[in-house]
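Right, one structure below, let's go through it.
Chain lettering (A, B and C) follows the sequence in which the chains are written, and residue indices restart at 1 in each chain.
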């Protein structure tokens, strides 16, 4: 019984309901005119999320085959790179991220890995930042990297 | 066929060169303004292609040429132009970044919101262009004078549009309703375009904006928010002439650098800006784009911004937009 | 007549044609790369136009714009990741067709529908611009509110099988669009004291996260499967008989796109969803929609490309830019001393006619260039999957940060990617998220403005104008129809269960 309650689908619905409820608190505290539409939207959100949650609990869901997967690692790497770019610039965080993506997608021999990282990560960065002059976040004030 | 010939000439050659460089850039990978170690970032706090961006992009090539550096226009848009402005302010001491700034981000938003910058976060370089604002109504309406507008608003208040809350069109009208008998309520739109659409559909009746808008959309000016009458509009009275307190609202743009840069660098910027504004190239552009060149040097510009900040603060307070 | 010939002469110079070819081809590629959309493409090319004459610069920008709107469909069909938000609705039927091995057919319909929509909207632009603009002016805040409400209802249509989950995602997207400054009072909302959030969330980083990044995460699980490999991209244009058979779908999609494009501030993504929703109600093959039916691709692609032509209607007739692209085009005109505005058509007839000619050539160029462009994507997707996924991650990052140069957008993209993965695993449809975000801002601001205009009386909306009343009646009918048909379905479902108890056949 408890096992079915901590099923990922139930947890997802619960998470959505809690997020909606939390944001509703903020909406009801704010000014009435600016928060008019947010209040309506969040009320619908919470009501529907509650219905979804009931639905997911009522359904008998099959157990999903768990097992360790390196996917959370990839997700965490994407997040860390995104956060780091504000201070480290674009190039330095993107290189390890691209390398990790290639590695996890089975490109593991050293030469293709390094070349792939340099071309996809470094080459495209150079193309946009220096050739097309679409400025990406930079580490140095001169904008060089 | 003659008109084809006239449109040719030098622009055609320039256009060919541009295209060739574009193709070359795509094929070989060289940029039109090749990157060097020291690139000057010109931050424009609006999306590419907007009214401010166009002026900035016409200003930038001559400016960087005068300065002897290569430069890149960076569009950092969002939150009424304050995000890009904050980016400039946050680069304290960085000699390779300037902002091409609109009036609102420098003189209205700091009083309206809690921002990471204030009027003293910048080294002021110059004001480039400035256009006075007009009070205008649709030509299809029968209103021809401010007095008539004010009288007719007594029964049923009019609606005035703006390009967003806390923008200059909003502030100018807010100041006018506070200081005169005119009764009008604010309806903000997401830019001048949608507001003009609403004016054409008679959803709103009044708008305050510049000569460009006035001419492009066939509107009728009733008064001008300036000290003196404006050239080309000898029949349009100033607010003072209508017996109202002086109201001075203009849409202007200027160049700022972050604070903490060396005096030498600031002087270089100032010289380059003056030379750019006075250059033939920029003058021709300004005439085409109906941007009124109104140069102010570093000290005058700083004083002007300070004075506008105070004036706008008062308007915001009077109109109940801030405490 | 002379002026039209002269205009054609302006457009048929070899450097204008070169600009069209370069722009359109680059546009298709940029649009096809997930993460990079129309705005990034135009920003890349804008600086080059400063040295060109007005026709060449407009040819280049129009080429990039039209090309990118079409290009978005290529990746939508091939890897379930719309290259641009405008093509999000193309995934509904495009990807199922790919899974069924009908990639060539799907790409063929996307290409032809894009071409058809683009050309038809050009024709409308040339012959009916003043009338359409006059009609569009009647759409004040209340009418726009009604129209957007009607469009919002398509959330129900596109979340097949799980209306409730679709609704949650729709509200989530709507909520995303409300973070930042309030459009009416300017007050900060949901920024929790964080200044960088006051700029709000924009569409591109959310779409990139929800589709491109989450697709990388989803494909991660099947990375060793031979069957999950990206199929080879081929193009087979539909035959004349097929086109005639589905002609009514093509025409309806193009008209919806043309009309939505003529309203300032709505845009191609909204048009595609509205058109898809109408196909769900009106297509003779509607039962198949969502399972790999070409009508779905036609609805989406013909309407989003029809917007490219008709977004010039408010620009040319009133001087009001309909979207970011027409705003850039107006900028290009200003630089060359042509003042856009109400008198543009009268004062600058030759320039305007050349623009029409350019638009038509661009659409033809798009049709011709579709084959080599798809060839390029075929080559790219033939690489080992790791490189493709690495490239998608890279372009997602570039696309998210270059929309408006705000590093916060990278974090938004990354978080949306993770969230979207969790939602996809939970069976939530993601398209409503995009619909909520695309339509939300317009819905909210038109409602609030309508309330200002009617002085706080919401019920005055229903009788505001004939158009408004008509649209509200249409909404009522739509709701009743949807409720009624789902009631019928539910009853059949219950009956079927009562008849055959043991079957667990949950038909969807």
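Observations on the model:
FYI, contacts are C-beta pairs under 8 Å (C-beta built on N, C-alpha and C of every residue); 3 or more make two chains touch, one makes a residue touch a chain.
These numbers come from a predicted model, not from an experiment.
Centroid analysis (C-alpha atoms only) places B farthest from chain C.
The chain closest to the protein's centre is C, with centres computed as averages of CA atoms. Of the two chain pairs examined here, B-C and A-B, the one linked by more C-beta pairs in contact is B-C. Separating the centre of chain A from that of chain C, both taken as means of CA atoms, is a distance of 23 Å.
Separation between the centroids of chain B and chain C, computed from CA atoms only, is 31 Å. If you average the CA atoms of chain A and of chain B, the two centres end up 38 Å from each other.
For chain C, residues that reach two or more other chains under the stated contact definition are 43, 47, 182, 184-185, 405. Counting partner chains per residue, chain A shows two or more touched chains at residues 132-133, 135. Along chain B, residues 74 each make contact with two or more other chains. The touching residues of chain B, counted against chain A in their complex, run 25, 29-31, 33, 35, 37-39, 41, 72, 74, 91, 94-97.
Those residues of chain C that touch chain A in the shared complex are 40, 43-44, 47, 164-165, 167-168, 171-172, 174-175, 178, 182, 184-185, 187, 189-190, 192, 213, 216-217, 220-221, 223-224, 384-387, 389-391, 393-395, 397-398, 401-402, 405, 407-408, 410-411, 413-415, 417-418, 421-423, 425-428, 440, 443-444, 447-448. Residue ranges of chain A in contact with chain C, taken from their complex: 8-9, 12-13, 15-16, 20, 23, 26-27, 30-31, 33-38, 41-42, 44-45, 48-49, 51-52, 55, 69, 71, 74-75, 78-79, 81-83, 85-86, 90, 94, 97-98, 101-102, 104-107, 116-117, 120-121, 124-125, 128, 132-137. For chain B in complex with chain C, the touching residues are 1, 3-4, 7-8, 11-12, 14-19, 21-23, 26, 32, 47-51, 53-54, 57-58, 61, 73-80, 82-84, 86-87, 112-116, 159, 164-166, 185-190, 193-194, 196-198, 200-201, 203, 212, 215-218, 285, 288-290.
Residues of chain C that touch chain B in their complex: 2, 6, 9-10, 15, 18-19, 22, 26, 39, 42-43, 45-54, 56-57, 60, 136-141, 180-186, 188, 195-196, 198-200, 202, 264-265, 314, 318-321, 324, 327-328, 330-331, 334-337, 339-343, 350, 404-406, 441, 445, 449, 452-453.
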